[in-house]
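What follows is subunit A paired twice: with subunit B in the first complex and subunit C in the second.
Then we have the complex of A and B:
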């Protein structure tokens, strides 16, 4: 049976040499994790079979969402475990190499760059922050306190019924726009504060409500690379912001530490 | 309790994991049997997602994915169901 290699990540050889991986889960649940050293680095892989992870099979399987979910979750779980054992450059889901020779070719080409990146990532953690806002309170605040709105309201009250209807609609729209502006400036401010505590940040796409299933608007979705020594400070700032923002509908969700998925890109975004 | 203890290992939504591992991490070109081009979850058919979440709930009960608590899956399933009702 032809043997492919599923690549989980790259670590420094010194950090993984004497570690025990045989008890770890693997993507196919059959073969064990293997460590293939090359120069200063080591690739963490497990063999997979063509029948399960070959190109043609994967083309079908990656269209089956249940398979993708189960395996992608497993991929993540394995990377979470690996990251506890060593500084890790995490690979994307289903990074599969044809043979040990092709892996060695990759290692040969990128080993130096990977070693530098690993040294840079050592002692750092990735945390993910999502900021939600229930616009109700902000809307009320804007409607009651925005000077332009008070003025507009008075103007509208002097108008004819038909005009009033139209102008009120316009005013509602204006309020909504102000709320979005308020949300943006809140997020910008808080992101600036947090950025000071971080090594790097990676902004992610905000999800719409049909994806989050929440009533709140997602206003911010971002990954932060933080030195372990700063994490406590960062999280304390998040906790404080959560307490202070509650009354104006803010809610901050933090998850982590993650494998450094967002901060492992090399000088070129893809490894040729 | 430190803030870290308070936040660490909180349950992560499945959708967050999918969004990240399918899209982020190092992508290597060439020699790779397949690389899944960033599947954009936002455009995934939610119905497909729900049916597969149901499958996962089933497999969680079968202890196949033992670490995914079925309670969590139920919550996500509800959230997704709400989302499709609305759309």
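Then we have the complex of A and C:
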């Protein structure tokens, strides 16, 4: 059997029934998007060939970075387009089913759950926020204003040369720790403020510099599920925070709206 | 404030961390093992960065390097063959002329 189904996402049947998908890009650039309805829901798929998306082929392809990059972006573009057309439970890159029968089985098992989830997600958007900090300013602030540090400095100035060296090192370490604490409390506060505007939040991994390619530390990485009506308020709160934090090295990046990847993850029971 | 809509050039991390599943894609029937997002991002970024940067500073030598570029290699060989042919012809003509001179 040569035909597999690449699953992009699940939508409510009513929302996609009369929509036109034939002009849309697909992951293989050959076959068209198909909508397979089941009960209240509909799966948005496109057929792919075993020769390109079979398990063994994928094992090789997923190690070819240009292939991963190209297809991951394509997946992203397609999902962005679908998201504009209907409320969507987005699937992750390379969610592939072996046959239509297999898809139907899956839909049969989860249709009710999915329909409820889609109702819940309707009118909501996912926004991602990354908070960066250039620790220079905070370091200065801590070094100059922290009461313990002033005291410690005076103590050190009375010590012998060798002792001074060691104690200064220790002090630098202490300052770094204080900076991290400052960063954490800033992030916690701002996250709490934003959470009030959101339906749900999903904390994500904080990446190190080799991943971000930035000079600043990434201090916070989180997805927010926001009611469309609250989005403007949320964004202006981000703008305000950006302006206020600039002088202390803060920089907030917000991206979106994304397909709601972080708020429609399949539960364990759904997977099995 | 920058509302960045994810595009090809500026948000490799953003796109990958959202569309890639952690490790293995579990929702489908086909098992797809992916390296973790961190590693993939670093790898992809290295490719993008090295190609762009190299071009930026005029290091596009591989486009004409016969070992790296077969097209360049082909056109190179062709040119050499042509030159060879022309030189051969000139030698032949010179030899002919020499022979004629001696025979006189």
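Quick note on the criterion: the second predicted complex is superposed on the first by the 266 of 272 C-alpha atoms of A that agree within 3 Å, B and C clash if a C-alpha of one lies under 4 Å from a C-alpha of the other, contacts with A are read in each partner's own complex, and residues count from 1 in each chain.
Here, contacts are C-beta pairs under 8 Å (C-beta built on N, C-alpha and C of every residue); 3 or more make two chains touch, one makes a residue touch a chain.
None of these values were measured; they are calculated from a predicted model.
J.: Which chain makes contact with more of the residues of subunit A, subunit B or else subunit C?
T.: For subunit A, the partner with the higher number of touched residues is B.
J.: In the overlaid three-chain picture, which partner chain does A:66 touch, first (subunit B) or second (subunit C), both, or neither?
T.: In the superposition, A:66 contacts both subunit B and subunit C.
J.: Where does A:264 make contact in the superposed view: on subunit B (first), on subunit C (second), on both, or on neither?
T.: In the superposition, A:264 touches subunit B alone.
J.: Kindly classify A:242 by the partners it touches after superposition: subunit B alone (first), subunit C alone (second), both, or neither?
T.: second
J.: Counting only touches as set out at the top, which of subunit B and subunit C does A:189 meet: first, second, both, neither?
T.: The answer is neither, since A:189 touches no partner chain.
J.: Which holds for A:32: it touches subunit B only (first), subunit C only (second), both, or neither?
T.: After superposing on A, A:32 lies clear of both subunit B and subunit C.
J.: Go through the superposed model and pick first if A:231 touches only subunit B, second if only subunit C, both, or neither.
T.: A:231: touches subunit B, not subunit C.
J.: Check subunit A for residues that touch subunit B in one structure and subunit C in the other, and list them.
T.: Common interface on subunit A, subunit B vs subunit C: 4, 7, 53-55, 58-59, 62, 65-66, 68-69, 72-73, 75-76, 79, 91-98, 102, 128, 204-205, 207-208, 210-213, 235, 238-239, 254-256, 258-259, 261-262, 266, 270-271.
J.: What residues of subunit B sit close enough to touch subunit A in their complex?
T.: It is residues 2-4, 6-8, 10, 12, 14-36, 39, 41-42, 44, 46, 48-49, 51-53, 55-56, 59, 64-65, 67-68, 76, 78-80, 82-84, 86-87 of subunit B that touch subunit A.
J.: What residues on subunit A touch subunit B, complex-wise?
T.: Result: residues 4, 7, 10, 53-55, 58-59, 62, 64-66, 68-70, 72-77, 79, 89-98, 102, 105-106, 128, 204-205, 207-214, 231-232, 235-236, 238-239, 254-259, 261-262, 264-266, 269-272 of subunit A touch subunit B.
J.: Applying the document's contact rule, which stretches of subunit A touch subunit C when the two form their complex?
T.: 4, 7, 53-55, 58-59, 62-63, 65-66, 68-69, 72-73, 75-76, 79, 91-98, 102, 128, 204-205, 207-208, 210-213, 235, 238-239, 242, 252-256, 258-259, 261-262, 266, 270-271
J.: Flag every residue of subunit C that touches subunit A in the complex, lowest number first.
T.: 1-6, 8, 11-21, 25-35, 38, 40-45, 47, 49
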